[in-house]
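Structures incoming, each one as structure tokens.
Two complexes follow with subunit A in common, the first pairing it with subunit B and the second with subunit C.
Our next item is the complex of A and B:
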């Protein structure tokens, strides 16, 4: 178990390293106008040269990468070229907003998708048909469109929620809940419909297996069959789809945060990428890769816990 | 039972989610009752986050406004562009326009208690010249700043700069506390002599900056609110939603979202700040020989049905024009406005005279946000036999690609500022948007006259304007209406050459 975790963490570090090289090279290609973008149209060549030297942009790519890497290994991710704000503190204020939203959305997706998926698989008939149709509709509407519809109806017309975030220091839990409610709903609908579909088919597949027939023939109750045996065998499929959704959500949340003006990772990532603000982009990418690695590891461990058959040695 | 911990976890999650959903309801959308007392707060939706509160990092246009809460400038620019005293009580040039003597107020202190005087003003100007801010070029002409006495400074210039007084009402004129300049602290918390001070506890990076009225502020006339909040809303949809739901009092929209705001009874404070059109950069025909021929450039100008383009691209929210200078710049003239009216037959004839009846190919880079414009002009150019090839552009290297002469023509949106600013942006050989350094002795003489023109710079720039229009250096299409909307709780006066008005232009509605 420990060696498994260590191995996975080791390969995670390799992935981090490779991604950092790739992203750094891509940013290098588009960093030609940085000094000009910072100093404006009318800056003189001398002023541009000073700025380039200040940012280390006059160095060759390898020198620049190693200076970033040695800093990052010491825990220093540098500071934004445009705002001078240290990257670590930018991330520290934004990660809680984004991760609260993603965590709440994922939790709700897990619960709702499981309930709907199991209901559709067990009841079949009209329940199943409603779930299937709902899944097609839910899957085909992008999250940001759902977000805009929700704002228009629930925030602007009915006034139940703020149209854009009111999260600020010192505001109570109610402000957080009100500000996050609509973005979370916008985020979770696609996840619920997609997840329910996967869980439904996994449960149906298990229900048709021989061991279920055997259990039933021994007079074991339907409830116990379902919750103790079928769900446990169907769980790996569900967990895998949930983990994929979480990783996909890290992208989707960027647009949702823009629409709701949430001070999370989204605005930071968009602004930094469009400006080629290399230290910030590197910080955001590294954070994302770490989240993906950790999520995958947790899912693998959970799978092993739920289902000894897939447990790793 | 083995399911224990899992069941407990599920129960915990379920109760959390129930608590969350139970919190719904009760949000208050902004509404204004007639007869309600005057508002004492102002909440503005801003399109961009402030990079740093160091006054030397201040920018132009929409990004100047938040700095005006914390900082006074030496000169105040009125909504119509007139320059009035602020921290400077008086200023005048010597005969050669190479030395500007500025008298200063003596009764002003900064929010940290430091006194504003000649030394403080010099410290700010010196700091601005070396702090590598986005507008540092504003003081390029200033060689040094001398303290004459406690309330007088002299700015010595290497060459005349007709825009200098204007710059002192902009980023270069913002005065911060000399004790705070250059420190880390001022990057996140401004220290100025302005009408408001930052409420650091309520300010969140990337979300909002909150200011409260400064007690004993010297100029109560411009301190009209008790609290001013700048809410960062980079996304257009978010700005629209925040405005119509009453979360912000005013913000910048576009023609399409403006319709939604009008439906919610928001008021428009419209203004023209930018022009859009083609910059025919390769006027000597270095890389595209056809562009070296003035008749070809004129033919391009005659090819455009500008009225239709305005209707299609901007839903009518713009004014067709043939000149690159703005209406309030002083360089604008009525006769140049429709100099090139839509005339495809004339365009074809000009191409024939120039020897290009078999066709001309024009390459432009694709710039995000200009897809519709490019599609429309491609079709209209095609009608007179010019093929428009739309290539690729990488936004982040766009300006360096321009100065590297990578593009022979571009379709772009440009700010219409003061004549000298515009000349150095698109016409002079120093201009970024004149990468092939095109000029003629005739044009250079006209530009020199503007530089030395002092107060007459605007009038003299009319000659520059006339020259580049006749020589078809550009193919301007239209000036864009800036769609700045506000609710009825406040009154807003537009500011010339700014999409977003100066902070002084807002007041509680009576």
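Our next item is the complex of A and C:
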């Protein structure tokens, strides 16, 4: 077990390393004009040279990468080229907003999609048809369009929710809840429709397995067969679906935060992107990849726990 | 939004989306698939929408009344009129024109994305699937990295590096999403690589390249079309998302830019949001529907549709109402037959088909089993013997219908005359307790997630209501009884840790654990090694003698029947051919079919498939179905 975790952590670190090199070299392409972007068109060549030296842009790429890497290993992700705010601290203030939404949305998706998916697989009939149609509609409308529709109708026209965030330091939990309700709904609709569809097929596949018939022949009740045996065997497939949805959501949440003007990672990422603010972009990407690696590790551990065959090997 | 990126890529689970038969008969399959596709109204709607969108995109220059960036500053946020049929935006630009140019750019970028993804994923998948080895290992590693990157975050990075270009973004997204083609192709290729016809092609000297293009490519073609529909939709969504964030080229009209423009004016003119959102949902929806329609067309046309109810004949309705009446009060069985343990009378089992007909797999079968007797049901694959056995157990698939006859167990009906389904109410009280089951394939009949001990003990606790400790003691003894040398170890083991013969002994132990009156054994030795087969048959005989239970032994093997059974029923094509005491049938078979069966046995051949050509009433399909069941 320990060696399994260490192995996965090791490969995660390798992935993190590879991604950091890739992203760093990509951003190198655009770093030539950064000093001019910061100082404006009137800047003299001398001023530009000074700025470049200040940002370390006069160094060769390898030297720059290693200085970033040694900083990152110490927890120092550098400072924004444009605002001079340390990346680590601006991430720290924004991550809670983003991750609260992602966590709440994923928990709800896991619960609702499982309930609906199992109901569709077991009852078939109209429940099944509703799930199938829901999956088509959910696939057809991108999550951010759902967000736009929700905010236009429920917040702006009907006024049930605040259209933009009221999150600020010191506001109460109810303000948080009200501000996050619509964004979370926008995040989870696609996940629920897609997830329910996939969980449905996973459960149907398990229901057709031979051992289910044998369990029934032994006098085990239908409910026990479903909840103890079928769901457990379908769980790895469901977990994989959910983990992929979570990875996708880390991107989707950027647009949702923009729509609802939430002070999460999204606006930071978008601003940094349009300015090619390398330290911030690196910080956002690295953080995201770390989340993905942790999620994948948790999914692997859960799968090992669910499936004794994996556990042994 | 992007959460659908990865899942959409997975939606056609590779194994499922691959049509089994398209390999050999590519063109034939394709034409029937096309025909089925055009029969599906949703498929036609999807194709029409996509064609209309394509026409609008291609002829945008001719169709649009204004240039995409022509701004009439004196006429901003105007309502629709004769000049601007969908109104104008905040800069006074024509919404309809921008929608058309937006279609052009949006669809072109989706195509570019899919093209890049196919160009990378398809060849890589073919090579990895066909040659495996190092290339596969490396590409799997790359795939695992690509799949762990959130699409939008990567595109943000690309935007930061290369500036606001739709094309660069879509090429990057194509690379990012190429694993879905890679995985699809690789698993499809792996599944056919070792097929006989590919071997044959190899032996006959075809080069690897020819084999890949001729035989393997035809297998992955259809799944790739389905996948492309999904990926094009995802590409449209993510491209629009980027544009919505204001990270696109501001000089270009796209649906995402229009949405962003509409959202800025949401308090003044929320209707500006409608058209780009509508165009996007319509296009992506059409792609999703097209993918589904192609998948449906590839899968069997024989799936039971809910249309069935309408086509039900009056006769069906009559039996249904009769069944309803019968359900209220279960009729008492025919006098003088109560003493039989099981009596099957004129049983018919059928599967409703899409066209409203019912495919009969068991037809007019009658026999009985008495206490302490072993009855063999013999027949080849597709003879309906397993279906008959599952009718008695009440474990037919959901789609199966009892179309005729009755089944009684110990003097009570489990299927009364006129009922179209086995009564689960009545059978759930009998299963495990009085009727038990020994399956054919030992490994797949144990839940891999639970220990053998758990699977042995739980039914005893549920059925007999005994404590866990007591059930454990009994379980250990049962394992010893069925000849397992080290019961403690087996008890703690998971199914994958024991051999097939051992697993079959465990299943037999399970079948006798609650002291049933009837054991139904469905080909209990077929999946076992020859040496183990004899042991298991001995075990069944010993147990039967010791416990005095009735046994129904379903088999294709007359040797097993001769060895074990008291009486035998011979079945062919769902019908009963002959019935009688084993000695009599063996010595003096009356029917030609029985003689043929016996002759093939006496020559020492193991009948594995069709022994004699089946009459046309049963098609290959029902044979396949029987095997699956």
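The rule we apply is simple: the second predicted complex is superposed on the first by the 311 of 313 C-alpha atoms of A that agree within 3 Å, B and C clash if a C-alpha of one lies under 4 Å from a C-alpha of the other, contacts with A are read in each partner's own complex, and residues count from 1 in each chain.
Just so we're on the same page, a contact is a pair of C-beta atoms (placed from the backbone, for glycine too) under 8 Å apart; a residue touches a chain by one contact, two chains touch by 3 or more.
Note that the structure is a prediction, hence the values are computed from the model and not measured.
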Query raised in the report: Clash or fit: what happens to subunit B and subunit C when subunit A is overlaid?
Result: clash
Requested in this report: Check the residue A:276 against both partner chains and state whether it touches subunit B (first), subunit C (second), both, or neither.
Outcome: both
Query raised in the report: Which chain, subunit B or subunit C, is in touch with more residues of subunit A?
Result: C
Query raised in the report: Which of the two partners, first being subunit B and second being subunit C, lies in contact with A:141: first, second, both, or neither?
Result: second
Requested in this report: Pick one for A:294: touches subunit B only (first), subunit C only (second), both, or neither.
Outcome: neither
Report task. Considering only the touch criterion stated at the top, classify A:244 as touching first (subunit B), second (subunit C), both, or neither. Result -> second
Query raised in the report: Does the superposition put A:156 against subunit B (first), subunit C (second), both, or neither?
Result: both
Query raised in the report: Looking at the overlay, what does A:21 touch: subunit B (first), subunit C (second), both, or neither?
Result: neither
Requested in this report: Could you look at A:252 and tell me whether it touches subunit B, subunit C, both or neither (first, second, both, neither)?
Outcome: second
Query raised in the report: Of the partners subunit B and subunit C, which touch A:30 in the superposed model: first, second, both, neither?
Result: both
Query raised in the report: After superposition on the shared chain, which partner residues are touched by A:82: those of subunit B (first), subunit C (second), both, or neither?
Result: first
Query - Offending stretch of subunit B which, after superposing on A, collides with subunit C (from 113-121, 185-193 or 311-319) - result: 311-319
Query raised in the report: Can you pull the subunit A residues that subunit B and subunit C both touch?
Result: 29-30, 148, 151-152, 156, 258-259, 270, 274-276
Report summary line: Per the touch rule, the subunit A residues reaching subunit C in their complex are 15, 18-19, 23, 26-27, 29-30, 124, 129, 136-145, 148-149, 151-152, 156-157, 187, 190-191, 194-195, 197-198, 201, 209-211, 213-222, 224, 229, 232-233, 240-241, 244-252, 254-255, 258-259, 269-270, 272-278, 281, 284-285, 288-289, 292-293, 296, 306-309, 312
Report task. Could you please specify the touching residues of subunit B with respect to subunit A in the complex? Result -> 3, 10, 13-14, 16-17, 20-21, 23-29, 49, 51-52, 59, 132-138, 140, 187-188, 201-202, 204-208, 231-235, 237-238, 241-242, 244-245, 247, 264, 394-401, 403, 421, 424-425, 432-433
**Report entry** In the complex with subunit B, residue positions of subunit A that touch it
**Finding:** 29-34, 36-44, 47, 50-51, 54, 82-85, 90, 93-94, 104, 107-108, 110-111, 148, 151-152, 155-156, 159-170, 173-174, 177-178, 181, 184, 227-228, 258-263, 267-268, 270-271, 274-276
Query raised in the report: Hey, which residues of subunit C end up touching subunit A in the complex?
Result: 1-8, 10-11, 13, 144-145, 147-153, 155-163, 230, 233, 237-238, 240-241, 244-247, 259, 263, 266-267, 270, 273, 277, 280-281, 284-285, 288-289, 292, 306, 393, 395, 398, 428, 431-433, 435-437, 439, 441, 444-450, 455, 458-459, 462-463, 494, 496-497, 507, 510, 514
